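One structure follows; several queries about it will come next.
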Amino acid sequence: MAPTDRTDKSMSMKAAIAAFVRDGATVCLEGFTHLIPTAAGHEIIRQGRRDLTVVRMTADIVVDQMIAAGCVTRLVSSFVGNSSAGSLGELRRRVESADPAPLAFEEYSHYGMICRYLAGAQRLPFYPLRSYGGSDLPSVNSDLRKVTSPYPGPDGGPEQIYVVPPVNPDVTIIHAQRADRRGNTQIWGLTGVQAEAVYAADKAIVVVEEIVDDEVIRSDPNRTLVPAHAVDAVVRCPRGAHPSFAQGYYDRDNAFYRAWSHISKDPQRLQDWLDEWVRGTADHAEYVDRLGEEFWARLAVGEALSEPVDYGRRL
Amino acid sequence: MTHAAPDAVTSSELLSVVASRELAARRTVFAGIGLPTLATELAHLTVAPDIEVVYESGVCGAHPARLPETIADAVLITGAEAVISMPMLFGCVLQGGHIDVGFLGAAQIDRWGNLNTSVIGDWDSPSVRLPGSGGGVEVMANSREVFVVMRRHHPRSFPAELDFCTTPGPDRALAEGIRPLGSGVTRVITELGIMAREGVGEELRLVAVQPGVTVEQVRAATGWELRVADTVDEVPPPTGAELRLLREDVDPDRVYLR
Amino acid sequence: MAPTDRTDKSMSMKAAIAAFVRDGATVCLEGFTHLIPTAAGHEIIRQGRRDLTVVRMTADIVVDQMIAAGCVTRLVSSFVGNSSAGSLGELRRRVESADPAPLAFEEYSHYGMICRYLAGAQRLPFYPLRSYGGSDLPSVNSDLRKVTSPYPGPDGGPEQIYVVPPVNPDVTIIHAQRADRRGNTQIWGLTGVQAEAVYAADKAIVVVEEIVDDEVIRSDPNRTLVPAHAVDAVVRCPRGAHPSFAQGYYDRDNAFYRAWSHISKDPQRLQDWLDEWVRGTADHAEYVDRLGEEFWARLAVGEALSEPVDYGRRL
Amino acid sequence: MTHAAPDAVTSSELLSVVASRELAARRTVFAGIGLPTLATELAHLTVAPDIEVVYESGVCGAHPARLPETIADAVLITGAEAVISMPMLFGCVLQGGHIDVGFLGAAQIDRWGNLNTSVIGDWDSPSVRLPGSGGGVEVMANSREVFVVMRRHHPRSFPAELDFCTTPGPDRALAEGIRPLGSGVTRVITELGIMAREGVGEELRLVAVQPGVTVEQVRAATGWELRVADTVDEVPPPTGAELRLLREDVDPDRVYLR
């Protein structure tokens, strides 16, 4: 069937954030190093959202920025660092000295977070994993619990295993290379845990480099990681993953990662940066323009096309 | 089976048209092949333009160039919007709660909408070994509601007690302390009429008869004391437009229409 | 690194079955309607394996043939039928009247089987699923058990959920469109539960339509569903999925599915069929040849190429 | 830190070469970026030609055109043999038991190979908040063995007691009744020497010192009463061939070599 107005979910970033991210909400932003939804985080800052619980495996620059902008009161994460490039200044001030305000933090491991998304997406009361035995993490996170298997263990006796509870964000936001207007979303390169994070959520916003014709998506249905039925908004926002990268579109801005350790170390410098680059821009298009073409040329990538596969058609 | 519909309406056509009307305003349908295919394709052209069929095989948003012969037909894949793995399909889409209506068939259905697709006779030494659950257990447990289309309305397929309950409705699940997502079977569509129930705690009730069928005929063909709604409507016969769409657009090669 | 002899896992079907399928073994054959490893099943019959436990979601024609050939004493499955085309004669005789011998049968639902593979692949003691509440299946399958969640249920009280145990086949056999010599396997169209079934197994045989150059695989790494580290043998066997289909290579032989209901209904006719087409052929190449080019032309498909995606390269 | 290796061998070079030798005959390595990258790339060219590095990001069988700067660098993806989702990577590959050696770092390591990557000080109000586990808990629980490379050998990073145990070795897991897959930390490689343990029930023992380092120096730099093997070898210094491969083939742009 041809797309109708009713199934066209494309909207502006401003409209999508206004519609689906409310004060006090649990907001998941996913993308593991690749395709981090930075532009969406910036729009949340521009709209001045408050009291958010942010769920994100690798809490990195965009999370530090959202915390510094006063949007976040609680963080659920398994890695709170600026990649291998240094520290997150604001996050450390909040956790180490409640400066300028405390931040509630729920600490997990990567697979613990993945399993929370899996449980949330699969509507399970818990998800088992072979982690945490002997760790101090359960002593600071009472949601890490144990279950006894109803089957005998390897030694014939009862076997215990840790479990994590589901996470069901009010909204999950991901960045992707392309989607059609209905929300069929194609991602290549690192695919992380994006599909599960979307299925775990009540609502989902997909930010894309390009909105493409139906025919592009339908020429390769296996490439669709998130089907339209799981998506509520499709936002076109080229370069919206900067300073992270979009495989085949632009490279990672490693210099900015290194710079962030210095920017975020000084609270005033951090706020000045937000004033200039986030609160002082109308939208991500202006942020992109201000960086300038010469800047983007440095992050440009060459071409490496996949060989097509043949889906065949009945003769 | 007597129904004097216009143009010698066949049983397949009748069931497909009646089922399609029940899909009004539904968004996602989990369907097998055959009558559910016809019903959902017709609904797409009539009462539910935004309907999306999700197939057990992992296909979402299919745009087949020909009517598919199986739920995994190659024509469903080429040109589809998404093809996902079975763990994703069953875990995230179905168990995740994304399906409005699941279509199921069965060898036996009881008054609560519990289904048997495993055996006739004893499980250990059955007189007939049937294919088993497939994804039926999951469709029942996780769809908002389930439609059952039964070609033959006969006391053997509508028994007072199932030989085996493969696929339990929510009443049986709750009795065991397990809370299912949806309402279980809400519509049973047969050649004789339509039975309905709203959900837990309710038996199936006859709510409509096919043209020319009496309530007494339906009662006689049902293996339990069938409840009957206060007012039993006659199912409006397929319209000319519905039949034309079904015959010319949905299944011109008569893959499923008989 | 360039492939070395040590990482070349390609071998003949005869050698792969001889090396990895032993009498008494638990053998998983997966492929949901699409890419059913029929040729591997036939080679198991030719080599006269005995006492196998076969694990397969949809036990269909190839399973009926293996049972009829006397290879199988136990079946673990969630659908024992000939698609929508009719019955499996041998399986029904075994189950309904132990004729000519009994067949032990463990009955699951589809998602129950999928969760057994997931638990096996993830080395979990069990996998939870929201099925089976109120079903008679637990009364005939004592491996369907319950666990109480350590988190409160929706009503604040304790919540129970069914679980299934892991399945860890001695060997899993799948059919795929293509792989490289190391075993990096690419599948498109319906991908079913093949990757999880491979990861659940101790050993894995991948049968492919084509063994391709490394460059083909590496041009599209997201298409690799089974990485080489999980694969022990790569067998080139064109048309090895007949009568099922290989998306983009050949279509399903629906006529044979319909015919099988008649062939399998008559035990003598079934044995004659096995004598002629399996025991009477040296290998799958002979089976393919005997069917003839005219036959294969009827199953040929036209071309429908995917649009390439750009993985990019650093400039 | 004194070691008079030829050609002014740097600390990075020394650690990479020593770690690479420990990878002889290993097949699958779960590695982060930095020294583990150098060690595995060098091992691939020397003692372990069939070695495959699996990255936490989901990349298997990478063939990068340039040395990657992160575990998710775009150059690792283009031309790789497989890129899989994180649920597959952590669930099937890592927890599934496919990893021979996992590389981990830590702020603190104790005598049993338990690791702290969460906090210095109290977890509730730490003096330093560290990044946390990442996948460390899973690498430890599910790899056959774990190698730890520590740039600084100092009593603060080798304390008698961890400030917090983020990532437990098998001894702590077993004490809680949880059976891990592997042996936990079996090698700790530092600028001063190599510590080793076979598995459960064993403390780390000093088995080798870097050239020019004494056993007493290592003892003094360790926060607990360090056990010492009956015979402590001197680590053979990097060979000319090893250094040439490292400098010219593995990291000619000096991304990680310092």
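As written, the chain order gives the labels A, B, C and D, with residue 1 at the start of each chain.
To be clear about the criterion, a contact is a pair of C-beta atoms (placed from the backbone, for glycine too) under 8 Å apart; a residue touches a chain by one contact, two chains touch by 3 or more.
Fair warning: this is a prediction, and the values are worked out from it, not measured in the lab.
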_chain C and chain B - chains in contact with each_ = A
*Taking contacts as defined above, which has more of them, A-B or A-D?*
A-D
*Centre to centre, by mean C-alpha position, how many angstrom separate chain A and chain C?*
35
*Mean-CA-position distance for chain B and chain A (Å)*: 39
*Using mean C-alpha positions as chain centres, tell me how far chain B is from chain D in Å, no decimals.*
57
_Approximate Å spacing (C-alpha centroids) for the pair chain A, chain D_ = 29
*Indicate the residues of chain D shared as contacts by at least two other chains.*
59, 74, 77-79, 83-84, 91, 95, 142, 181
*Which chain A residues touch at least two other chains?*
118, 123-124, 129-130, 153, 159, 161, 188-189, 191, 195-196, 219, 222, 247, 251, 301, 304, 311-314
_chain A-facing residues of chain B, complex_ = 27-28, 44, 49-50, 52, 54, 59-61, 63, 65-66, 74-75, 77-84, 88, 91-93, 95-98, 142, 181
*Of all residues in chain B, those that touch chain C in their complex*: 33-34, 56-59, 69-74, 77-79, 83-87, 90-91, 94-95, 114, 118, 123-138, 141-142, 164-181
*For the chain C and chain A complex, residues of the former touching the latter*: 123-130, 143, 145-151, 153, 159, 161, 163, 165, 177, 186, 188-189, 191, 216, 219-220, 222-223, 247-249, 251, 300-315
*Residue ranges of chain C touching chain D (in the complex, touch as defined)*: 1, 4, 6-7, 118, 121-124, 180, 182, 184, 195-196, 199, 214, 217-219, 221-222, 224, 226-230, 311-314
*Which residues, counting only chain C, touch chain B once they are in their complex?*
32-34, 58, 77-81, 83-84, 91-92, 95-98, 107-112, 114, 117-118, 129-137, 140, 153-154, 159-162, 188-193, 195-196, 245, 247, 251-252, 254, 301, 304
